[in-house]
Each structure stands twice: as structure tokens, then as C-alpha cells.
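Below are structures written as C-alpha cells.
After this come two complexes, each holding chain A, first together with chain B and then together with chain C.
This part shows the complex of A and B:
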């Protein structure tokens, strides 16, 4: 089943002359892990905002076409069902904090969407465990490190078990260790295979290995959709859009062109190291 | 003589956090240095101490002969070393771009004419076009706000410029643009550049020298290539070298150069190993064909 269907979507923000998105079509299958990439200002955040319903509900502008989430038109949906279906985490976690402790922060969303009180504790425990913030529950959310804040932000969203989880540049503001932890949380959520996950990221190296599908947004259009190993082989296309595939993928693509390497392009250190060893040992 | 000299530097924040625990460092004029390390390693505290934004708890920081702990040295320091914040909005406060750039020179008490000239020059080098002078910095893109911040730093004509996280939140093209600009300041304008960053591919591509901090001390200090080759020591700082370097190190035993810094260098090394093996196999085959006891590869023409 399609979790998301975007049909001929065009959106122009009020007081701007050019549409931020133009004629966009996109299908996302339930439980897929989708990586959205593209230059800044290309329309990535606008696209996920339209899926989340922020557009058109909380923004002024002109909309054509439609977005459906599990078959329902987002434009026609009210806020509570939208919140239950789709959760969203932003680059700057503080922008979504409202409570005085981490625990209250996680509980807040659950209460807001009317989660049965008896089940709240279980949700908090699960979300805190997945995001490794269980020992922070008593702390004020503004008095912890940037990486911890982002994990709390993710906990407070996944606690509601949205069917679709959107993360908009979740690692752009945090340090390398924090980036790895957010990536690991995404890997854990993917393993559990409950949610459809959409991540907007510049850090292609970290997220490409998790992706079932990569979406390239450029200049208001969805230009390419495909599995990462296929899409990241298009080195020239990507370079023209200032997108850098993982270095391991670039290396094997370059070795494959003159026939030095035959096979699928690796996306991870592990796969690349193994493929390289086979290649170099065979040449001994 | 070194431009920046740091000896026995410790820094303790008011809440008791010991951010630096005895740092010795020299930076020569014309170097391009990257400070790396985990959050809390002390790299930002160190860079702020160099710029005189923080005064040492103990030890000394001397920039171009000026001790940052001295009395009334603010202006002297501002002419020697400038600091560009990660978030340009933390340092922009004027309502016109031109006033922002002129703020420092005005504080130095430069006469109007000279101030005008310095502002034009700094804006020109930083790529802030004159049409933008009347704009409010707030309405510019992040990249341009960063350039205004750099222009206002350049207007003080410091020898050294410290840039905190120049590429955070920028996409690939914007990152390359800002880094190429810093290279221009370094190579053409002759500034000493210090960047503080988490982005290892940026460090690998641009920095000549890397200073890796860990728990308030310098763990590694040397040419970029040498520092990234020490992956075991780097692991303590939670810093991973670029992916190309990691792969090369995993293939070290197979003849791949373990100290590559880019995917191009890695490709050339791997292709070189593959080619030399092909060449050696061909040479062996040819040799066995010529020798009288030749067997295996021989086609019986000897």
C-alpha cells in the first residue's frame, strides 16, 4: 500500500513569484525508508511540509494538485488525525520543546492526541529506550547537549507511533557522535519495520545505506527516484547538482567504468572493504 | 617567531567545567590549521582563547607579541586576530551591512576617509557587493550573512582569522564556496587561517595541519595526512577520518597507500596496485615463455 501519494503538486508561497514545488509526483510505499537529497532551497523541506500537512494548513500560498496519506487527502484532514498519522522532527530540536522535563516533553504529544492514559507510561518507556534518553527523563530539555536534545525530540515524536516519521535534516546541527546516534536510531526504527520513514539529509554517506529509495529534489522538481546503488552511480548527474555520493560508491563506480570492478556499487564501509579485498586479492 | 604562542593554557568555566587542561601550541604565520575533536573536547574554548574572547585561567596566550591577558589589549588584539562565529547572527547587530563592516574600524577611531577605504576593501575581498551596503543583514541568505561577518572581521585587517564551523548547515556547493573563499584569504591575501570543524572531508581537502583535542588536551598535532593516518589515536576523539582514508587503511596489507585524503587519491592507489599486478603477471608470463624450463604459461614455442 502507498503511504504517501503526491500528485501534480505545485506550491507557491505567498509573496513569492516562483513556485517552490512544481508538478511533483511521488509514491512512497508503506514501511519504506526514503532519503530525500538536494541542494539547499531546492524544495526538500517544502515537499515534506506538504506531506505533513503544514502546507497548506499552516502556510499561506497557492496549491495545485494533491497529497494523499494512506489514501486520504491531506488538505481535507484535521490536525489530530494528521498528528496521529505523521510525526515530524526538525533540524533545530529546541524549536519543538515546550515542557520543563524530558519526560513531560515526551508525554505532551501523547496527551495532546488523546492517547489512553493507561498506555502512556509504556509509550514513554519504549521511546526513551529506542533513543537512549531513559536516564535524562528528569532533566530540563534545554539543559542537555545538542545531540541529546535531538534524541529527545525524536523520542517525543515516535512515542505517538506515527505511521509516517519525517526527519528534516536531523543531524545538521549536532556533533559527529550525536550524528551517529541519530543515524543508529533511524536504523533501529527501520529494523522494527513499523514506520514509513522519510529523512531529508545532506549527510548522504551516513543515510544512503539505510535507504530503500532516494529522492533527488532540485529546483522545485523531483528529478530522480531510485534505489541508492543505482542512483549514486550517476556521478556526473549528481556532481552537476552538487550532490556527493558516499566516497566508497564513487570509488567503485570509477573502478567499474574501465571494467576493473564488476558488480553492484557498495554503499557502506563494510561492503566496500570486502569488495575491495576480493578485487585486490584476486589480482595478486 | 610564531604568530600564535600558547603555553600551559588552562581554562575553567564559572560552573567549574575544566575545558582546557594544559595546552601548548604554536601557530606560524601563513598556516592553515583545523581544530578537531568531540563536543566538549575544548576546541571552541581554545579558539576563543586565541582570539582573546576568553582570558586564560592559567598559562599564556600571545598573539603577534600581544599577551591576551594584558590590560587594554582589546584593540591591539582585534588588529591581529579575528573570530567569525558559527552562527553569523551571533555577531551581526547593525541594521545596515555597511555599518556592520565599518563598526570595528570606527571603534579604532580611523578617520572617515580611511575607514571608507578599509570597508570597501574588506567587502570586496569577502564578496559583499556594494549594492548590499544598505540592506539589513537579517534579510540576507546565511551564506551572505557569513560573508558580512567575515568582511567585518577583515576590516580590522587581522593577520589571523579563526572561523568556527564554517560549513555547518550548508549544502555541498555552499560548503565548497566558503572553503574556497578561505583558501583565497589564506593563499592570496596572506592570512593565517584556523578553522574549528566536525567535517572531516573538509579538513582533509583544505587544512595543512590538524590539531586534534580530547578532554581539554592536544592529542594529535601534525600535517593532515599524518594525523588521519593515526586512526587508533583518532578513535579516542570519536573522530573518523574521511571514508576514503578508512578504506585505504583497511587495504593497507594489500599494498594500498594508507594515508590517502580523497577518493581521487584512493582510486589512483587502488588502480595502481591492480595495474602493477597485471603488469607483473604479464612480465612473469613473458619470462616463463622465454626460459627453456618454461612451463604453465608457455605455449610451446620456446
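This part shows the complex of A and C:
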């Protein structure tokens, strides 16, 4: 079943002359992990904002085409049902904090969509455990580190158990350790909760191994959609769009060109080491 | 060895990690704030307000508030005193009808100076009531109290957002100032006029940031399913998880009702009798006699 269907979507922000998105078509299947990549100002955030319904509900502009989430038109849906279906974590975690303690921050969305108190307690415990913020529940969300803020932002969204989780550049404002933690949370959500996950990210290296599908957005258009191994093999194409595939993929692509490596391109260091071992054994 | 945390930072200050006040429901604590901050308005006798100030210091100690932390209010306390007594000295009013006395070679008039003293003590009592409240209550307690009193959700939520915005505003201000100091801005060598000009200039980036944040928060509210009606769209009511965790116990009812009764009694006595009037102050008679005024 399609979780998301985008049909002929064109969106132009108010007071601009060019559309941020033009004629976009995209299908995302339920439980897929989708990595959305593209250069700056390509329209990635606009695309996920349209999927989440922020466009057109919270932004002014001209919309053509439609977005459907599990068959329902996003434009016709109100905020609470939309929040039940889709959760979104913003690039700047602080911009989404509305409460005065971490616990309230996690609770806020659950209260809005009418979870019963007993369920809220369970969800807070689960989300805090997955994101490792259980020790921070009593703290003000603005008074913790960048990585912790991002984990709190994720906790506050996953606590609502949306069927689709969108993360808009979730690692852009945090340190390397924090980036690994965010990636691990995504991996766990994919494995344990079978959520449909859409990640907009410049840091392809971290999320490529998790992705089932990569969407390349450029200049307001969805240019390419395909499996990561296939897309990341096109190094020149990606480089022209300021995108860098994982280093291990680039290495094996270079080995593949003169015929020194045959097989699927590795996306992780572990897969690269295994492929390297096979190459060495074959050379002996 | 790590030190045990004894205080927690809030948007408006710090609160102790544990305090006997926390045993009370936020509504009881809010009643206490209203009583301590508004009751002095009905009392002109400074002795009573001074006793109230003493009681509040006792409550601060009992509530495990570090009195050292109150030092930050010293500039406010001194500035208000300077302001009030200077006005009474410089602009005493109709001097023909006032009692004059000399002190350190200067001429003072007793009535305006006494009234400044009465008002100052009253103001300090009210201020200390607010300080006591915000030193023993977190912002969340304010919201829980409002919601428990059935204040409409959009109103209580707006109060919460305002409190959060106030904290963010102060943080942004500190960031902008630090950024300027990092680029060699020397505040100490600046004249007062230049400092005032500089603070005026801060308003531009501060308002730009505030507007951007308002936009972001509005989007975040939508993203998390918030509606102004507070209805979750399933026909039921919005859950209030945090509020429902607090229960009014008999002790809360007892303290709240006692405070309300005391407040009503003070208001009635203050308005209908002269018991709390400025003339009823024995201290006034003692000071007047000491200064040799009628």
C-alpha cells in the first residue's frame, strides 16, 4: 500500500516568482525508508512540508496538484488527524519546542491527539527510552545540548506513533556523536516499529545503509528515484548536484569501472570490508 | 565526586530540587502568591508589612530557597528605594501644610517621606511574595494551577508560550550581547548615552528573531496536532496529562480556604475600618517624635 502519493504537485511560495516545487510525482510505499537528497534550495524541505500538510495549511502560496497520505487528501485533513498519521522532526529542534520541560514536550502532541493518560505515560517512557532522554524529562528543553535537543524533538514526535515519520535534516545542527545516535534511533524505529520513514539529509553516509529508496530533488523537481546502490554508483551525476555518496561506495565504484570489482556496491563500512576481503581472496 | 544537584534552573530563576512547598497543589501555591502579593495593598501600616516580609523570609528558608540567590534582586531593591525617596524629597507637594525637619543639613518633609516609606515597604512585601512564588514554583506549576482553575486552554497555553518566549528573548539578548563582546565591544568604557543607543539597536535583531520564532512555533504547533479549540478531532476532549497528575488534598483545601478567608478579612477590615490606615502605625508616632515633628 502507498503511504504517500504526490501527484503533479506544484507549489509557489507567496511573494516569489518561481515555484519551489514543480510537477512533482512521487510514491512512497508503506514501511519504506526513504532518503531525500539534493543540493541546497532544491525543494527538499518544501516537499516534506507538503507531505506533512504544513503546505498549504500553515504557509501561504499557490498550490496545484495533491498529496495523499494513506489515500486521504492532506489538504482536507485537520491538524490532529494529520499528526496521528505523520510526525515531523524539524532541522532546528529548538524551533519546535513549545513546552517548558522535556516531559511536557513529549506529552504535548499526545495530549493534542487525545491519548488517554495511562497510554501517555507508557508512550513517554517508551519514547524517552528509545531516544535516551529519560534522564532529561525534568529539564527545560532549551537548556540541554544540541544532540539532546534533537533526541527530545524525535522523542516528542515518535511518542505519538505516527505511521509516517519525517526527519528534515536531523543531523545538521549536532556533533558527530549526536549524528550517530540519531541514525541509530532511525535504525531501531525501522527495525522495531515498521514506520514509514522519510529522511531529508545532506549526510548521505549515515543514512544510506538504512534507505530502501533514494529520492533526488533538484531545482524543484524529483529528478531520480531508485535504490541507493544504483543511485550512488552515479558519482558524476551526484557530484554535479553537490552530493557525495558514502566513501566506501565511491571506492568500490572506482574499482568496478576498470573491472576490478564485480557485484553490488557496498553502502556501509562493514559491507565494504567484506567485499574487500572477497577481492583479496579472489586475487590470491 | 559529583555534587548532588540542589537547585534547578527555570526560565525565571532557580528553584530548589526538593522543597516542602512541592507537597502542595499548584493551585494552593498560586493562592499563596495572590495572598502575599495583593494583601499588602490593603495595609498601610508598615509594621504589618514588615512582619509579612519577615514571614516570607521564613517561608523562603522553610522552602529551602538559597537566600544567597536573592542577592540578584539587590539592584532592584536599591533602585526602587532611591527612586521613591528621591521623588518624596524633590517633590514633596504643598509644603505649607507639611511637617518640616532637618537632617544632615537638608530639609525634609515628614508626610511625603513617611508615605514613601509606607509605599516602599508595601512594594517590597509584594515583590517578595512574587519572588517566593517563582523561587518555589516552576513555570509548569503556573500552568497546572491555571488549568486546574479551569482557565480556558488557549489562555493557559498562551501564558505558557509567553513564559517560554520571555526566556527565549532573554537568551537571544544574551547571545547578541556575547557576539558583540566577542567582536571587541567594550561595554565598560561606554558612556550611559552610548549604552542606551546600543540597547536600542538590539531591538532590531531581537524583534527579527522573535518574529521568526513565532512563525516556527506556529508551524510546530500545527505539526503536533494543536488546535485552538483544544479538541483532538475524535469527538472527545484534549487530555491534560500533566494537570491530572496533581490532586487537591485536604491540606490544600484547608490552606487555600484559610488564605482566601484571611485575604477577604484583610480587604474588608482595610476598607471599612482604620485599623490598617497609615495613622494607625505606632512606628509613625515614634519616628515623628524622634524627628520632632507633630
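In this section, the second predicted complex is superposed on the first by the 281 of 284 C-alpha atoms of A that agree within 3 Å, B and C clash if a C-alpha of one lies under 4 Å from a C-alpha of the other, contacts with A are read in each partner's own complex, and residues count from 1 in each chain.
The rule we apply is simple: a residue touches a chain if its C-beta (ideal position, glycine included) is under 8 Å from a C-beta of that chain, and two chains touch if they have at least 3 such contacts.
All values derive from a computational prediction rather than experimental measurement.
J.: Judging by the criteria at the top, classify the pair chain B and chain C on chain A as clash or fit.
T.: Aligned on chain A, chain B and chain C fit with no clash.
J.: Please indicate which partner A:142 is in contact with in the superposed arrangement: first for chain B, second for chain C, both, or neither.
T.: Touch partner of A:142: chain C, not chain B.
J.: Once the shared chain is lined up, is A:235 touching chain B (first), chain C (second), both, or neither of them?
T.: Touch status of A:235: no partner.
J.: Check whether chain B or chain C contacts more residues of chain A in the superposed model.
T.: After superposing on chain A, more of chain A is contacted by C.
J.: Go through the superposed model and pick first if A:109 touches only chain B, second if only chain C, both, or neither.
T.: A:109 contacts chain C only, not chain B.
J.: Using C-alpha centres only, what angle sits at chain A with arms pointing to chain B and chain C? Round to the nearest 10 degrees.
T.: Seen from the centre of chain A, the opening angle is 80 degrees.
J.: Touch test for A:134: chain B only (first), chain C only (second), both, or neither?
T.: Neither: A:134 stays clear of chain B and chain C.
J.: Which partner chains sit in contact with A:225 here, chain B, chain C, both or neither? Use first/second/both/neither.
T.: So A:225 meets neither chain B nor chain C here.
J.: With the two structures laid over each other on chain A, which partner does A:58 touch: chain B (first), chain C (second), both, or neither?
T.: A:58 contacts chain C only, not chain B.
J.: Just checking: does A:175 make contact with chain B only, chain C only, both, or neither of them? Give me first, second, both or neither.
T.: The first partner, chain B, only.
J.: Pick out the closest CA atoms of chain B and chain C after fitting on chain A and give their distance in Å.
T.: Minimum C-alpha separation, chain B to chain C: 5 Å.
J.: Which residues of chain C touch chain A in their complex?
T.: 8-11, 138-140, 143, 160-161, 163-164, 167-168, 171, 213, 216-227, 231-234, 236-242, 244
J.: Tell me, which parts of chain A touch chain B in their complex?
T.: Touch list, chain A to chain B: 39-40, 91, 145-147, 169, 172-173, 175-178, 202, 205, 242-244, 246-248, 250-251, 254-255, 260, 269, 272-273, 276-277, 279-281, 283-284.
J.: Where on chain A is chain C touching in the complex?
T.: 52-54, 57-59, 78-84, 87-88, 90, 92, 95-101, 103-104, 107-117, 120-121, 138-140, 142-143, 156-157, 160
J.: Can you check the complex and tell me which residues of chain B touch chain A?
T.: Interface residues on chain B, with respect to chain A: 38-40, 168-174, 176, 198, 201, 238-240, 242-244, 246-247, 250-251, 254-256, 263, 266-267, 270-271, 273-274, 277-278.
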